[in-house]
Structures are given as C-alpha cells and as structure tokens.
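The letters A, B, C and D name the chains in turn, as written, and every chain counts its residues from 1.
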Amino acid sequence: MKKLINHPDDVVDESLRGFAVAHAALVRVSFDPRYVVRADAPVRGKVGLVSGGGSGHEPMHGGFVGPGMLDAACPGAIFTSPTPDQIVAATRAVDGGAGVLHIVKNYTGDVLNFEMAADLLRADGLSVEAVLIADDVAVENSLYTAGRRGVGATVLAEKICGAAAEQRRPLVEVAELCRQVNARARSMGMALTSCTVPHVGKPTFELPDDEIEIGIGIHGEPGRRRVTLKPAAEVVALLAESVLDDLPFKRGDSALAFVNGLGGTPLCELYLVYGELTKICAARGINLARSLVGSYMTSLEMAGCSITLLKLDDDLIRLWDAPVRTAGLRWAV
Amino acid sequence: MKKLINHPDDVVDESLRGFAVAHAALVRVSFDPRYVVRADAPVRGKVGLVSGGGSGHEPMHGGFVGPGMLDAACPGAIFTSPTPDQIVAATRAVDGGAGVLHIVKNYTGDVLNFEMAADLLRADGLSVEAVLIADDVAVENSLYTAGRRGVGATVLAEKICGAAAEQRRPLVEVAELCRQVNARARSMGMALTSCTVPHVGKPTFELPDDEIEIGIGIHGEPGRRRVTLKPAAEVVALLAESVLDDLPFKRGDSALAFVNGLGGTPLCELYLVYGELTKICAARGINLARSLVGSYMTSLEMAGCSITLLKLDDDLIRLWDAPVRTAGLRWAV
Amino acid sequence: MAAEDVSAAISRAGILRWLEAFAVAVGENKDHLTRLDAAIGDGDHGANLDRGMRAVLLRLPDVAERDIGATLKLMGMSLVSTVGGASGPLYGTLFLRMGDATAGKLALTLEDWTAALRMGVDGVATRGKAHPGDKTMLDALAPAVEALDASQAQGTSIAEALRRSALAAERGAADTIPLVARRGRASYLGERSAGHQDPGATSAFLLLRAAAEGLCRAT
Amino acid sequence: MAAEDVSAAISRAGILRWLEAFAVAVGENKDHLTRLDAAIGDGDHGANLDRGMRAVLLRLPDVAERDIGATLKLMGMSLVSTVGGASGPLYGTLFLRMGDATAGKLALTLEDWTAALRMGVDGVATRGKAHPGDKTMLDALAPAVEALDASQAQGTSIAEALRRSALAAERGAADTIPLVARRGRASYLGERSAGHQDPGATSAFLLLRAAAEGLCRAT
C-alpha cells in the first residue's frame, strides 16, 4: 500500500486537520464528535443542510460546506458511515430555526445512522427532514433489497438544495426539491482499478489488466459486470445508455451532465469522457445545458469515472447557477 | 495500460474537445494550430498572458485560461512542448495592444519553442516578453546545465500575473512581477508511482512497491534519490526542508503554501500533507498566510505530490486574492 | 432449589465478563470478519466492531457500580457512537433495547435474559427492516432467541440454555452461506452474494458464544 | 571533368530521396529512439520525430517543382510546427538554415552541401546553446561537418565524403555514451546520464546516414 499517510487509524483526522487550516475562512471543524460546519453557522432563518458519509470520497462532503451548499458535513471513518452523535451535533450546530434537511446517500449504514440521529433530534423537538439519494442505475431497484445506491446525484442535490435554502425556501420545499433532484437524476460508474482502504492495506478487489468493472460502487462494491478494456467511446456509450434509458431521458430534454472522476483518473481523461458523452447526447437529441467535469465524489485513488445526468428545468438551472462558495465548488461569488 | 482514451494519437484533441464544450462560456479553442484563448480575447489595453507546455498536466494550462489568469494556453502533445506556430497564433489572438508575456517553464523544449515563436513575433513588430519559471529545488542550479525545472511556481505566477494584467499594469511590470514570483518561490515533488504516456503504453519508470522517488519531475524525470516508503510526516519533512532551506525562508516570513497532487493521489492525502506542512512551517516560524491544495499541475495519473512555497508581500497577497474565473481556479467572481 | 437458582443467575460481573469476552473475540476475529465483509460487502466489519468494542472496554469502568440495564445502555451508546456503518446502529439498538429491558436489575434469570435478548433482536429487525433469510445478523440472532425459548420450555439449566443459543447462532450464521442477500451492502451483489457467510451473522454468533462463555461462569 | 562533376552533384531528386530515407529510418527506429530517450529523457523522441517526418512526407509533393532551398525550408517549417519538444526547434533550425544556404539552387556541389550543413549545425548550436561534449545531437552533427571538411581537403568523391560524414556521425553518437549530459532533459540526471547513448545524437546519425544513402545515388 503506497499512500501519503501516517497510521491508518489517523488518516481521517489528520486529513481533516489540514482541511480545517486550509479553509479556515470557510469552515469550522469539530474533531469529537467529528463534523465540519460553515464558519457562520447557524444561519438564522435558513434551512440547514447536513450530509455525511464515509471518508475517502473527498471533496465530498466536507468540501461542499459553505454558502450556497451544505451547512455541515459528517465524515465517518474511511468508507464507513458517520455515527448518530456526529449527525446530532452537526444538526444542532446548523439549526437556524427553520429546520434541518439531512441529505443521505442510500446505503444501509448511512440510512440507519441518520435515522437514529433524526429520532434523537426529533425527540428533542428539532424539525428534521431526511431525503435519500438513490440514483445508481447499476443496482436493481427493488423493495426487496437495500435499493439503489446514492452516487453522483448527491453532489447535484447538495448544490441545488443549498441554493434553495439560501433563498430562504422553507424546509418542506427544500426537502421536496431534493426528492425532485433525486427523481430526475441517474448515474452509472465504472472502474479501471481498485482502491486500497488504509486499514485493510490491500486492494478491495482484483481487476485483471485487461478488464474493467461496469457499475462499480463508490466503496468498491462490485458492479453489473466485468468487460474487457475498451476504447473510451465504447465505455462511455455503455454507461450513458444505461443512464439515458432508465429515466428515460427523451429527445428535447435539457440536462446537466456530471462526469465524475473516482480519484485516480486524470482530468484529461475526464474531459475526453465528457466529449464522448456530448456526442451521445447530441445523437439522442438531449441538450446538455450545464456540465460539471472533475473528481468530486471519489473512491480514494480508484481509477475510473461515473456519469450522472440530471433532467433540468428553469428553476433547477437557476439554482445550479446560483453562487456557491465551498472548498470544492465555487462560482458566482 | 488502462486509460479512458481511444487512440493514443487522439488523446489531446479529444480531451480538448470535451474541455471546449464544458467551458464554452469561458474559452474558445482552436484545434489547428492548437490553443485555448479566453472567450473575450483580445482584451484591449491589457497585457496578454500566454503559457503552454506539454499536455497531461491538466488543469494546467488550459484550465487556467480566463479572466484574472491566462489569456491563452498552448497544449503540446502529451509531455511534449507546443510548437512555435501554436504560440505565434495564440499570441496574436490575445494581443490587445499592450504586449504579450510568455510564461515559460524552464524545459529545453518549452524554452526553444517559445523562443522561436518570440523571434517570429518580434520580427513582425509585436511586443513580446518571456519569463522562465525555474523553481524546482530537486535540480542543481548551474549555468552548465539546463537549469532548474519549472514546476508549482508556474501556477502561482500565472494567477498573480493574471491579476496584475487585469489591473492594466504595463508589460515590463507584469514581466518583472513574474520574475519576482519565480525568484521568491521554491518547489519539490515526490512520486509514489510512475505514470504511463499513452503512446508509450508502459510506465515511464519502475518504482518498487516500497520505494518512493524524491525530487521527481512532472514528466517523470528522475529525482534526487529513491528512499523507502515513509510515513507522510517524514516525506513532507524531506520535501519541505529542501524547499525551506533553498531560498532560504526565514522566521517571520509570510508564505503561500501550494500542495499539489500529481494526478493519482486523492484529495484526502493532499490535505493530510498540507496538515504536516503547516506543522513544519509553524516550527520554523513561517506564517502560511495563503494556501492552495489540490491537483493543479499533474503528471497524468502519477501518484505523489509537490510542495511549493512562495514568499509573500502585501502586493502578492492582494494579487493572489484578486478575482479569477477559469475552469481550474475560481474565486471572488 | 433456591440456592441453585441464584448460582445459575446472571450477575453484573457475568455481564461484564460477557462484554469483555465479546471484545476479545472481535479482536481475535477482526481479520476473519474483514475477509467475510470484503467478499460481499466493503471489508470494514471487523474494523468497525473492533473500534466499537475497544471503546466499550474503555468505558466499562464507568459503570462498574451500575445496574445491568445501565451497563447495557452504555454499551449500546458506545457502539452507536463509535462503530458507524450498518452494524453500529444495529448492534447499538440491540444493546439499548436490552438495557431498557433490564433497567434497574442487578441479576438476570434465564427468563429475564431471554426477554431482553428478544427485545433487542426485535429492535434490530425494526431498525433494519430485515427478515430472517435476508442474510443478515438477524439470521444468527433470531435462532438464538428461539433456542432460549425452547430451553426454557424444557427447563434446562441456564448454562445449557446459553450453550444451545450459541449453537443455534452458529448454525444460523453458517446457514447464511447459500442465501442471497436482500439487505445491506451485500444485496448489491444479488445472486453473487450466495456462497459466502454473512459477516454480521458471524459477529452475532461471536456475541452469543461470548454470552455462553462469560455470563454465568461455573465456579 | 564537368560531366563527372554533374553526376556527382546533389540534385533536387537526391534531396527528396534523402528526406524520404530519413523518414523511413525514423519510422523504423522510432521505438529504439524512444527507448534511448526513456533512459535519460522522457521517452518521446521517437514519437516526436516520427510525427514530424510523417508531416514532412505529406507536404513534399507541394515543393516537387521548387528549388532545394525552398524544399529544405519547408522541411524545417514542417518540423518546427509538428515536432515540439527540444528536437523540433533544433532540427527545424537545422533545415531552415540549410534552406537559407541553398536558396534558389537546383543542385549542390560537395562545397555547397558542406557549407549548408555547417550553417545548419551552427544554427543548432546557437539556438540550443550547447557545445560539443554536452551529450546532444551536436555531438553527431559537428563531427559530420568536420569529416566533410576533411574529405573536401582530400578531394574525395562526394559519395565517399557523405559516407565518411555518416561514419563520423555514427562515432559521435556512440561517443556520447560515457558523457554526462549538460543540456536538455538528460541534464537533470547529472552523473546518472552517463552510460547511455543520446537519442538526439542517434537521430542525427540517422539523418546523415540517410544523406549518404539518398543524396547522390550511384546510377
């Protein structure tokens, strides 16, 4: 295992310590329990947005804390959901009197920990809503399973709901918007290589030199299938078609395309992937009105990418374009 | 070789195509000859800033084209400097009547191609200045060699000179500022893994599982020495001490710290590195007044990082904080 | 038979021995649990539980003088706030509910233990929305409760009842091997989850084996 | 001897044969040059020159009717605008300067050729600020010019002169092996650059071998 770390037990705290110093103007960081809040939290009268999940997906979620996006993020151990006490403390820290929305990726661990936290908070009289993000088309959607995983749509939901909360929309509206974003977004990812969880010390899975995993999860969960290494055009077609067919996206739809790197794939490849995606969408008559290309929701040093498409309307475009000032996403401010 | 590409010959153009669509509001892209210019180029009365170099270092340089930073970037083949015709065309495209500054990383190829271009442009009556960036302390500085390589300081010089040009400072001043930034900055990098140039198809060098290369160049040029894999704290100490001793930085200095990822290293490790760097600088009495942490000057998918320190003064701080709106760096606007 | 009844009961010391034995078992089986979780999950179950049980051990002295309910609640709270993942809230719920069921008690009869474990396991089922056969920790926990019921009906000794419940949990864990996961991270694998033993069911077996070993040590 | 002089002279066709032979040699030695460059540089010299010479071949028909100077200038321009790296401007300069020296000519004598190559090589030295012994292409180019001077003094045939200059370039390239690089990317290696043959000197030898083969083919 080759990593720029000290002891595996200390990775999350030490990384967070660097993050806290680098972005001291934007955020405050609590180490016990562990959470990141925007420097000016709580913002009176604004719905607070809290997310969280395992670490190792940086910049998500801590890098999305700041004006126009999240009020707080709760980083768990690497690839392990945070605990209720983190979520409770973060929620209290950002409650500005208008209630708090928990944006939760649909993994059993995240769901259960956020539920326990919400139970405790509601028992104390706080107004808490939770929305599950479940946009990964690689997973069969069924009542008899844990359901689809939350992937790329999480970043989009956090940005869009963050803008809505900044406009002082009420909790029910922000929560409904979050459900809308989830309903209108679909994602699928692929891996060229595995990643190594520090305390495990060896790759999560083995992938032969000439194979790629289609439908990979952001913790290295296996995907739909393995196929032989292909030119990018074919890989993108595989991902894009699953995504486009699922909603389905229709000719004339306006969409936001999010090409996300998994951590070990360089930006030049992500732009190449985006170029391929624009061709496929053009052929299907889908207008890519907005885009985001970069490594925003990573799986440590895994090489690969995911593609997310979000069906846009005017409100969503305005909210997407609204100012955001976080370590990971920043514009118009 | 596992990459999200089609044919190795097409990587640069195809990646640039995706980049052009993703950032159509910010830049225009010419494919023959190949260059990227800000959408509103030329800006009348403003010194034009042009840089360029081999591709594979994204977001540098194309991702730094936009208001407050570069006016144009010339991407060469992967790790190969651009050609004079690209530089000539880009320079003409951004000449707003106040002259053009070429910011050139000190590699023989970059230097010679920019020189030829400048010769041609000057012969045509254009006012062109060139400044070499040579901040890599891993290389012995000597008149009898190609001299130090240009690394992290390039990004800082492009940002700072971009802000100065935006203020309509004249060419001689912007060029002098660029030389100042170069004189006040030092860098050193290290690699955990090699990278694979697409048309070569295999790793540029072999690094055993338990060794790292200290002083690596951004094209995989060998560094000062190989050492066994160490905890991040020791690695950062190795890099930081070389950097700090070279200028030297003194107790009481104010500095900007730039922790740069080489492409395959995840952000959580870079923040951890930054955390270690803050401790070392604190112990030396150096005040890290500004910071930049992320993968801004990469070597394809190489894992590793570089550390750059720039000695700040009030003017440099103001210029650093000034608005910048590019694909890769964006704030205050 | 009053004398025998008392010696057969579960004391506060027995509860502490149980928790310590579980912590030791988790430590010893950390890599095993991690390997099981790596096969059908994300390879952190061993590390998660180990982190949690080490935290529990550190805090046990705080409750040395408290009743069993308080001890179990503290155990639950510690797990909830240190484990994370799916197993944190689930094991946390198990202990919190067992703590509710034993609030104020200084010793437990077999009936008390059985009722408390049932309440805990029901809590796990409610929190996780899993059913027996979904290939989760419930597949070890539920048979353990049933075995306790059966032992009670047959009037076995408490030591024998605990032994049988541990055995039932062990069988339950082994029986997850052919199952297709319908809950938790393993469910993403679909059919490919069959052929592997569930890590959570395996740690649940360790928990009940620790109970058989520690709760009422023969003196 | 006018007849022999003419037959011994370098015609436009000879120049085209030379450039084609060089393109072929670069194509055939692409991997070899890449390996040499990978050892002490960045492994792109083969790809760089090959890209450039393929571009040159595509554009040669444009100058089929033009004089030698124009042909060499076009060659230089093509290399400059397609090769990049250090070798692009350097080889580009070589050909541009040779083009200047042969402007308007339809055939070259040995004197013309020697003078043109000297001008080209001087251009390379000026542009690259390198000296013989710095472990660069100059270490093959400079001996080739010297050999031509010597042949001229000795009055050898043009074919023999070209053969000797190729041989001198080959030796010069081989002699770079023990040298420590002082220019270009290889200089970053310091002492570790010794023991490897310089890629640019190697391609320069290919250029002069192509000249010996193509410039004045015996008919």
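Basically, contacts are C-beta pairs under 8 Å (C-beta built on N, C-alpha and C of every residue); 3 or more make two chains touch, one makes a residue touch a chain.
No experiment lies behind these values; they were computed from the predicted model shown.
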Query = Which chains, if any, touch chain A and chain D both?
reply = B
Task = Count how many hops through touching chains it takes, at the least, to reach chain C starting from chain B.
result = 2
Key: Reference chain B; chain at largest CA-centroid distance   = C
Ask   = How far is the middle of chain C from the middle of chain D, if each middle is the mean of its Cα atoms, in Å?
value = 80
Note = Distance between the CA centroids of chain A and chain C (whole Å) is 33
Query = Approximately how many whole Å separate the CA-defined centres of chain A and chain B?
reply = 29
Inquiry  = Quick check on chain B: which residues sit in contact with 2+ other chains?
reply    = none
Request  = Can you tell me which residues of chain C touch two or more of the remaining chains?
outcome  = none
Task = If you connect every pair of chains that touch, what shape comes out? Choose line, ring, star, complete or other.
result = line
Request  = State which pairs of chains touch, listing all of them.
outcome  = A-B, A-C, B-D
Message = Residue numbers of chain A touching chain C in their complex, please.
response = 33, 54, 76-85, 107-109, 112-113, 115-116, 139-140, 144-146, 149, 197, 199-200, 204, 217, 219-222
Message = Which stretch or stretches of chain B touch chain A in the complex?
response = 2-7, 11-12, 14-19, 21-22, 55-56, 58-59, 63, 192-193, 209, 212, 229, 231-233, 235, 263-278, 288, 291, 293, 295, 298, 300-301, 303-305, 325, 330-333
Message = Help me check something: in the complex, which residues belonging to chain D touch chain B?
response = 34, 38, 41-44, 47-48, 51, 80-90, 92-93, 127-128, 182-185, 187-190, 192
